Each structure stands twice: as C-alpha cells, then as structure tokens.
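Here come two complexes built around chain A, the first alongside chain B, the second alongside chain C.
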Partner chain A sequence: MLTEGVPAALRGFAGRLGRLVLLLVAVAVASFALMVNSPVDLVAAYVGADVASLGPEQRALIEERWGLNDPAHERFLAWLGNLVRGDFGFSATFNQPVLEVIGDKFLASLALMALAWLLSGVLGFGLGLLAGARQGRATDRVITWWAYTLASAPTFWVGLLLLYVFAVSLNWAPVCCAVPIGVPAADVTLLDRLHHLVLPAVTLSVVGIAPVVLHTRQAVIEALAGDHVAFARAQGERGFGLIRHRVVRNAAAPALLLQFSSLGELFGGSVLAEQVFSYPGLGAATTTAALNQDVPLLLGIALFTTVLVFTGNAIGDRVHAGVDPRAALADARRSR
Partner chain B sequence: MSALLAVSSLAVSFHQYERGLRRRTVVPLSAMDLTADRGELVALVGASGAGKTLLAHAVLGMLPPNAEESGDIRVDGEPLDPPARRARAGRGIALLPQSVTFLDPVTPVGRQLRRSAALAGRPDPRAAAATALTDRGLSPEVAGRYPHELSGGMVRRVLTAMAMMGSPDLVLADEPTPGLPAEAVRAVLHDLRRIADDGRAVVLITHDLPAALEVADRVVICHDGRTIDEVRPADFTGNGEALSHPYTRALWLALPANGFHLPEDS
Partner chain C sequence: MLVAKRWQQRLGVIGLRVRTRRWVAVALAAAALGAATACSTGDAVSGAKPTELRLAIGGEAEDGYDPTLGWGRYGNPLFQSTLLTRDADLKITNDLATGYSVSPDGLVWTVDIRSDATFSDGKPVTPGDVAYTFNTAATSGGLTDVTVLDQAVAVDEDTVELRLREPRSTFVNRLVSLGIVPEHAHGPGYARDPVGSGPFVLEQWDEGQQLIVRRNDDYYGGKPAFERVVFVFTDEDASLAAARSGQVDVAALPSALASTEMPGMTLHAIESVDNRGITFPYQPATGRTNADGEPIGDPVTSDVAVRRAINLAIDRQALVDGVLDGHGRPATGPVDGLPWYDPSTAVTGTDPDAAARLLDEAGWRDTDGDGVRERDGVRAEFTLLYLASDSLRQGLALAVADMLKPIGVAVTAKGESWEVIETRMHADAVLFGWGSHDPTEMYNLYHSGQAGIELYNPGYYGDPEVDAALDAGMAATDPAEATAHWKEAQRHFGPAADAAWAWLVNLDHTYFVDSCLDVGQEQVEPHGHGWPITWNITGWRWTC
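Our next item is the complex of A and B:
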C-alpha cells in the first residue's frame, strides 16, 4: 500500500507541475501578444517626461538597441529565455528589478490578503451554516439578503463607505497606508500595522464572503434533507448536535474548495481595495505599473498571479479530498 | 394488557403556502390504525405514496414543524405526544433503514456508531461501538472505513448495529428490500424475524407484498393515507378467496406469480 502510494503521489505532483508550466507558457504568450499589440510606446514609457527632447535618431538607436524592430516571435523567445534564467527585467516605476518589486509588494499584501481570506472563510462558513440550519426563517432571510447585497456591491464602493464611516466620521481607523505617516520605520509597532490593516482587510473580505455564505447555505440545506440526517434524527439527534455531527463536514467540502479557488478574485479585489486605502501592496503596484506603462512589471505580475491562483486551486483539491474521501476516489479514477 | 404500539385514527396534514398567502392543506395520512406487540412482526404494505414512511416519522415524533397531527399513538398503553415520542427515538423506538444513503457519507462508520451509542445513552460509547461491530460479525478495521467503502451487506449490518444500540422495544424497518437481490432480501427478512423473536415489536414497512408474507405475523394494507385491511398471511392464497377487501385482493392478484391481473374497473 505504502510503496504504491508514494510514487502515485509523486506522479500526481509531477503532473500538476507539468500543467502549471503549460499554463504559464499560455499566459506568457497571451500577455506578450497583448503587449505587442497595445499602443504602449515603450521608449516613451521608459524615458518619461523627457521624451519631447528625444530626437528621431536617438529614438531609432534605442529601438535598435532594444531589438524593438525584430519580429515578435524572436522578441518573445528572447524574453522567455530571460525568464528561464530568472531575469524578469527592470521596473522603471519602482527603480528595482521586477522580481524584487513583486517580492516586497507581495509581502505587504500577504497580511492583508490572508486576513481578508480568513475573515471571509470563517465568517462566510459560519453565517452559511446558520442560514442553512434556519432555512426560511427571519435569520436566514436577513443573512441571505445581506449576502446578495455584498455580492452585488463593488469592492471600492464598500471601501469608500467604510472609510467614510469608520475613518472620517468615527475616527476609529486611519484613512490610509500600511503604517502611520511620519513615523520612522523602526518605531512602527505591530499594533500600528494591525490598526492600518483592519479596514482594508474587511473591505477585501467582502469580495469572498457572499459566495461562501450562499454555497454553504445550499450545502447545509441539501445535507439536512438527506437520508443520513433523517436517520440521525430518528436516533435522537437534535438541533446543534445534528449540525455539528452530521452537517458541518458535508457543508465544509464545497466551502473549502470555493475558498481556495477564490485566490484570483481575492487578488482582483486587492487591486481595488489597496487603491482606495493607499495600501502599498501588490494590488496598488499593479495599478501603478499599468498607469505608468511599466510593461516588465505588468508581465511579471501576470505570471506571478498565475502561480498564485494555480497553487490555490491545487491546495483546494487536496483539502477537498481530505474532507470528502469520495472526491479523492474520483480523482484517483480520473488520473488512472 | 395493551399492545406495545397502538396507533389509532392517526391523521397528518401539512399546511403549505403557495404564491403569496394562499394556503393549501395536504392530507397525506387520513386514518391509520396499527398495533404491534412484543415478539410480533407486523407488515405495513402499500403502494409508494400511501403514507407508510410518514407513519414511521410520526411514531418517532420527527414530523416537520408545518405538519399537524391528530389521533392517538400509545406506547405501552400510554398516550404520547410528539415531544414524548421524540424523547424515545433512538432508545425505546428505533428506525432501521437499509440503504447506504442513511449513513453520513463523509464520516467513518466507527464515529457514526459511537455517536449512536452516545445518543442511546450508553455509558462508554467507544466500547459499545466496538462491541456492536464485532457482534454483527464485522472486523474492527471496518470502523475506520467510510460508507462508500463498504459492501451492501456490511452497510446493512452497520445500520442494524446503530439502530439496535439503544436496545429498542419497537423497531420500524423502512423499505428494507427494494433493489436487493433475492438472497439479500431473504437475509434482511430473516434478520427482522430474529429481532422480533428476541421479544421486540417489528413494523416492516414495505411495498413488497411477497417479501412481507414470508415473515410477517400480520399484514396491514394501506392505501391513500388510510389503513384499509388487516390480513393473516395465510389468507393470501389461491385466487384470494379468503381476502374480503377488494383492494387487498387486487393487490394479491396483481403480483407476477398470480398472473399480473389488473382490476377490471381500471
């Protein structure tokens, strides 16, 4: 059993890695094609405001030096070769290599995204359980109505509302940034960071909470209508015990799968949430890069988020199989 | 001395709201009468939708909140209201299903057995669950398996172990045989007979008349939410001359072995 299991797991891992590489190549081709066909003037973007003083000979010289006149596929292969060597290019906006920018900004975003992710997962699952267990009653209606409202509210609008209420009117939370303004980096305490993190995290969690609530609610209702719950009732199981012993695990599988596959939406939401709160993370960096036509950074971020979303989905599959062994069985059958 | 279970004139209705506030009342059970005594196996036979399962749910006190119930259900001569019956569910009264769907698909069966033992009020659920497994001829490693990893026969043994955890006086076996091969049907019926012979009352709820006739002491026929006839198995013979009720006779004559005869007026 064990000697069979290890190579199978390894094979599965290798298969996933192969799929990730294929996906990355596809994303690289698509984003490069977009870049080539976009009206972005790479020289102007690089030179900035001084572009007016750039003579046509100088411009031609730069274009020749950068290889901008080469055929697109040659430029693509050259770029791909650089990527494989770990050279993602230089971000003119941040005056740093692309990989360093992504690393720094992602670390700043990590706390924000992780907190928002946990918040939406825990709160969404809890509310979904409650709504499903009290289906059709007032509690259920309030929660469902709230979930639909959140699902249809744009992130930046929720962020503005929260800013208005908690930062401007009540003065409980700071208006912007990840750390207090005008305080040396060494003097910034953990409490300061948390204080600046709460509002953006709550805003960002709004993106993910509604789907988790609604899917969990549906899973709970289905489980409660199932034969196994009828049998548990006939055995004397009631109320909280019924939910805890016979429903939670059944409802957890779809919620976990959804939560892990929502990393893409989470990143999309962070672009808006970080902009509203001037939070210096990867989302805000994406906006800055786009506004400054910083092509190397944009391409790098596209590839990085591909890995992020792929990893989320892969972990989601594993966790789902752990909670619901029937899913593991189906996976094994498919890969055979 | 009165029967262990005595159901008389049981009626159940549901109030449903459709489109706004228009209220509709559905009456799936209108007049059910049933008695079962210790050591006795009573078969409740009727077509699908005749209200057989609902009767079992009523006896267990687990009708949904929008159901309204009238009539009388006595256990050991004592009239019990739904909360009192609910309190006996899993202890004095047990439901005995047979299909794998009645097991929680994402929980190992050992844990489900332990939960049954705890609900039945057993002092040491862990030990009770382990004993129940071995008593049913299942090895201890079965406890770690999930329901979809069990064979049909193992599933039935696990379900029986769970149902019998509270040593019930009354066992309600709901549709135990559909879709089973002949020898499995026989094994299930044999098990039920043995449970009755142990001094418990067994109500076998089924639409399979020939199966019921093999083991039942009495057969109660229900149709459209009411019990219409009560017959001794020996009366089902020949062309049904001993059967007084036309529906019962039609049911008997419609069996494949008796020539698939349909009532002439239909």
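Our next item is the complex of A and C:
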C-alpha cells in the first residue's frame, strides 16, 4: 500500500507543477499582450506631470534605457529569457529590481492578508454554523441579512466608512500607514503594528466573510436534514454537542475550500483596502505600477499572484480531501 | 434579567461560560492598551513640537532620492544642494556656486564653487562632483532633462565648466534644480541612501508611508529650526483626518476641502502659476493630417477674430468664484506672476459686447436666428475637450460653454481620456493645465517648431515673430536679455494679438498650516508635484 502511494503522490505533485508552469506561461503571454496593446504611452505615464519640461531627446533617452525600441516579441522573449535565469527585471517606478519590490511589499501585505483571511474564515464559519443551527430564527435572519449586506458592500466603501468612524470621528485608530507617524523603525512595537493593522484587516476581511457564512449555513442546514443527524437525534443528542459531533465536519468542507480559493479575491481586495488606508503593501504597489505603466513590475506581480492563487487552490484541495474522504475518492477516480 | 439568565444557561451548556469571560478580559485589556498607545502618540505630538515638524504634503518620490534620475527637479532637493537657487521673488541667487558666467557664444557656462561645503559623509564638495552629477544626469534617462549638455569638466579646484551643444538660456534652471551628488558615493543604492550637501539627511523612509529626515548640522547654509521633519504620504482623506486630529502641522488639501473648519490651523492659499487654459486649433481645416493620421485644423477657431472674442467674453473672475470657490486668480497668460511675465498683455475685465462686435466685423452673423452665428455656411461651433476624470476641468469647460453662448458661439464640452485627447487635440480645442518656473514651457507651447510634438503646441500655432522672439530668448546669454525676449513673445501671442490660447485661471494651492508655524514668504508655485511650499523650510519657525 505504502510503496504504491508514494509514487502516486509524486505523480500528482509533478502533474500540478506542470499545470502551474503552463498557467504561468499563459498568464505571462496574456498580460504582456494586454500591456503592449494598451493605448497608454509608457513614457508619458512615467513622465506624468513633467511632460513640458522634458524634450524629445530626453524621451528618446528614456526609451533607450527601457529598451522600448525593440519589437514587442523580442522584448517578451528577452524578458522570458531573463526570467528563466531568475531575473524578473527592473522596476522604473521604484528604481529597484522587481523581485525586491515584490518581496518588500508582500511582507507588509502578508500580515494584513493573513489577519483578514483568518478573521473572515473564523468569523464566517462561526456565524455560518450559528445561522444554520438556528435556521429561520431571528439569529439566522440577522446573520443572513448582515452577510448579504457585506456581500454587496464594496471594499473601498467599507474602508472609507470605517476610516471615518473609527479614525476621524472617534480617533481610536490611526488614519494611515502601517507604523506610527514620525517614529523611528527601532521604536515601533508589535502593538503599534497591530493598532495600524486592525482597520485595514477588518475592511479586507469583509471581502471573504459573506460567502463563507452563506455556504456554511447551507451546508449546516443540509447536514442537519441528513439521516445521520436524525439518527443521532433519535439517540438523544442535542444542542452544541450535536453540531460539534455530527455537523461541523460536513460544514467545514465547503468553508475550507472557499477559504483557500478566496486568495485571489483577497489580493484584489487588498489593492483597494491598502489604497484607502495608505497601507504600503503589494496592493498599493500594484496601483502605483499600473498608473505608471511599469510593465516589468506588473508582470512580476501577475506571476506572483498566479502562484499565490494556484497554491491556495492546491492546498484547499488537499485540505478538503483530508476533511471529506469522499472528495479524495472522487479525485482519485477522476485522475484514473 | 431573565434573558441574561437564559443566555448564561445556554453558554453553560456549550461549555463557554468561563472561556467567554476570559476572552472579554483579553479584549478589554487589548482595548485599554490600544487607547494607551493612542494617548502616547498624542503626547508625542505636543511634546515634540519645538524640534519636530510633520508635513502631509504628498509628493513621495517612489523611485527614491537620486537627483540624476529626477529627484528634486522642481528645485530644493532637501538632501542635496544646488548650484543656484530661487528666492521668494523667483530671482536667481547663489547656493553652492559663488558666481557663474556664460561665454559670449552661450556655449560655455563657467561656475565657481564655494569651498566650505561638505557632503553629509564629511567629504568636501568638489567641482569633480559637480561635473560628475551633470554628466551622469545627461545620460541617465530619468526625469530631468540635461540633454543639451555636451560635457561638464572640472577645470580647477573651485571651477567647473558646463559645455553645451547649443546656446540655451533656460539651462540656468538645471543649475537651480539639479542636486549635486558625490561621485565617491553614487551608485545603484544611492536613491535609497542619499548622501548630499543639503540641509537635511535621510533618517528613515517607510515606502508608501513616511519619510523621516534629520537636520544636517554640517550644512553650510541657514540652520533649520527643526531637528527632524516627517513627511507623511497620505491621500486627501487621510491628510484631512490627520490634520483634524492634530497629527500633522502642515497639510496640502485640494481647494474643494479648503473651506472646512480646522481648529488650530490657518488656511494658506498660495498663489501659483498652476494654470488652466484652452488651446485652439490654429490651422484652417483643409483635411490635412499629421504623420499619425490625426486631423489638423478647425474652420472656426482658426479665425483670429473668434479667438480674440472668446478671450474677451470669458468672465474669469466668475470662473474663480464659481468653479474654484474663490481659491485662484484670473489667468491671462501662461506665465502669470513670473519674472518674465509681461503684464501689458493681460485682458482686463470682461466685455461680451466688444466680443460680439469683433465677430460681427469678421462676418460671423446669426442669419437663421438659432442663436449661433455662421459665416459662409460654417456655424460658429467647436468641441472643447477636457480630461474626464478631472472635475475641476469639467466645471471650467462647462462654464466656458455657458459664457460663450450669449455671443453666439456654440461650444460642446466633452470629457475624454488623455489617449483620446492626444489624437484629437490638433482639430479640437482642449483644456490644458500648465505652469512652470522654467520658460522652456512657454517656448514649447508657442514655438512653431514644437507643433504637434508630444503635448506641445497642439494647435499647430505658428508666427514668425513669436518664433524669432522665443529663439532669441533661448539663445540669450544674459537673464535680463532673455526676459526681454520672453516678454516680446507674449505681446505677439497674447489675447489682444494672435490669441493662440484662452487662459482661464491660476489655481491657488491650499494648505492648512499650524497657526503657530511661521512658513515665511511663499513663492508663486508651479503646476505639478514636488514640495514647492518647502522652498524656504530652513527658515520656518514656531511662533508660539
């Protein structure tokens, strides 16, 4: 059994890796094609408000520095060649190698995204359980209504609202940034960082919370209607015990799957949340790169998020299979 | 009570009672700590006032602080110092230089350098560093244009020669804006760890958030009154919030937010040459196109009578009051308030009757009674394009259309993206914003040689006398002589002559400044970014 299992797992892993590479190539080609055909003039976007003070000679210099005089396919192949050697190119916007920019900014985003992800997962699952268990009652109606409200509220709007209430009116939270204003890096405490993290994280968690609530609720209702629950009830199981022993596992499967596949939306949401709170993460860098038409950085970010989302989905599949053995069986059958 | 009891029972059933209490305690503790940190930051603000200054005036340089790539291109690079600088009246004065002269042919600029200046790493500033800076900037392909430089050479221990490819009086602006970098410490990492001879040194840069700078105690010029200055990079809403909660001492806010009450802060509306104006297609519509196939010319605005009439009929003060909420001035030319501005070219007041007479005399008459004049079967109508995402430009464009209706000129204001505007700006009127401390901009907007290049002279304006005056201004070796030529050009293209543009307004840049902070005399600020208000930051003082 064991000796058979290992090569199968390896084969599965290799298969996934192959798919990831194909996906990356497709994303790279598509993103590059989009940017090359964009009507926005790269140099004009870089120059911005300085158009009147830079002469044509200077623009020629900039184009030369960026290699814009080569045909598009040559530029793409050159970029791809560098990429294979591990060189992601140079971001003109940040005057830094692309990998350094992504590394720096992602580190800032990581705390934000992780906290928001946990918040939306834990809160969403808990509320979904509660709503499902209390189906039709006032608790259920309030939670469902709240979930629908969140699902239809745009992230940036929620962010502005929170900013206005908690930072401007109540003065409880800072208005911007990931660190306190004017404090040297060495004096910034973990508490400071958390203090600056709360509002953006809550805003960002809004993106993921509603689907988890609603799906969990549905799964709970279905599980509660199942034969095994009827049997358990007949044996006298009630209340939280019943939910914990007979329902949680069934309800967890869709929630976990959703949670892991929501990484893409989480990143999309971080673009807006970071903008609202001047939080210096990858999302804010994406906005800047897009406004400045920083092609190497945008491509780098596209590839990076592809890997992120792909990994999230792969983990989601594995965890799902772990929680729900039927899914693993179905997977195995399909791959045969 | 009953309800509470029932809940307690249920919580008890699911074994949560104890844990819930613990969580409540933890949450309370966290809230208390949060409040404590909030208090401590509040204390820091008031306690540190004498030595620390916090500014929310935007303008982060994402690519870092390397002048050879464009940092400080609006002047006053903070970490570095420049050869020359501009005073409150924008007159040029010495900084690192002790004097300069231009050869009679305008090709060689000889600059004497002071010998007491040192970089923040303790090494002296030498002519070699100056030459290195100019040579590097000329080829770096960044955001500062030094392409006219052929070569910079250090000729002795305190003199540098800047040799140009052609005479250019406006090269003096590079001496004003290009911060000198040390040759020995300049490389790929420089932009994030700048070493210079300016009044401040970089202490910490949290990218996307804030820049903390420390006073350079070895600076050769006036000592700033502040040990540290913090630049906070917040957007408008966050800046407003930060100003309101007392976290910043200066906040730049758009004029739309300038009417808000701000306790403890004073509104400074600083005059600028950040202007908005309309460029007209100057050529007749003959079906001519440029190399990219974009149409050139318009049958209505190519008539000088129409352009002059428009300039007369627009009530600029009404635009300032209505669209800018009073935070601006009427504009009459591209360089209002700058040393090379000729006030005699200004339109004074609004005169729709004179405008109507001009149109009558030129043969534009409303014969069919539809409220719009026509001539030889051509209706006096044109499209005015503006940047759709800019509500201020939209307001101006719509107001102008309203003001021209009474004189029988029909204007269709239309919002578009820059990409669309660029393909149509030679055949449609466009609302632009310009304004620079460098007369090169005026040259680019009005010289026929710049017609259709980039965004310059989009209407293909061309007048031999203007060209001659602008060329003479460029070639002048003496600032006074150059100024005379710049003024002459304005008399030819101004609203009473060719009326190539209809300038509308100059915006005021609005800042909220702590009422206890004296920011000295303000310069007329240019269009664009950067930190124009900080030009004299070394002289800022607390007054209470």
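By our rule, the second predicted complex is superposed on the first by the 304 of 336 C-alpha atoms of A that agree within 3 Å, B and C clash if a C-alpha of one lies under 4 Å from a C-alpha of the other, contacts with A are read in each partner's own complex, and residues count from 1 in each chain.
Rule of thumb we're sticking to: a residue touches a chain if its C-beta (ideal position, glycine included) is under 8 Å from a C-beta of that chain, and two chains touch if they have at least 3 such contacts.
Since this is a predicted model, take the numbers as computed values, not measurements.
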Using the touch definition from the top, say if A:86 reaches chain B (first), chain C (second), both or neither.
-> neither
Check the residue A:288 against both partner chains and state whether it touches chain B (first), chain C (second), both, or neither.
-> second
Would you check which partner chain A:64 touches, where first means chain B only, second means chain C only, and both and neither mean what they say?
-> second
Quick one: chain B or chain C, who's touching more of chain A?
-> C
With the two structures laid over each other on chain A, which partner does A:104 touch: chain B (first), chain C (second), both, or neither?
-> second
Could you pull out which chain B residues touch chain A in their complex?
-> 57, 60, 62, 86-87, 89-91, 94-95, 97, 99, 101-107, 115-116, 119-120, 146, 148-149, 159, 162-163, 165-166
Would you mind writing out the residues of chain A in touch with chain C in their complex?
-> 39-41, 44, 46-59, 61-62, 64-66, 92-96, 104, 160, 163, 167-168, 171-172, 174-185, 189, 191-192, 195, 239-240, 275-280, 284-285, 288
Where on chain A is chain B touching in the complex?
-> 226-228, 230-238, 245-246, 249-250, 253, 323-326, 329
Within their complex, chain C touches chain A through residues 13-15, 33-35, 37-38, 41, 44, 48, 52, 54, 62-64, 66, 69-70, 73, 139-143, 145, 147, 191-192, 203-204, 206-210, 212, 228, 230, 232-235, 237-238, 240-242, 244-245, 247-248, 418-419, 422, 434, 436, 438, 440-441, 444-445, 453-456, 527-529
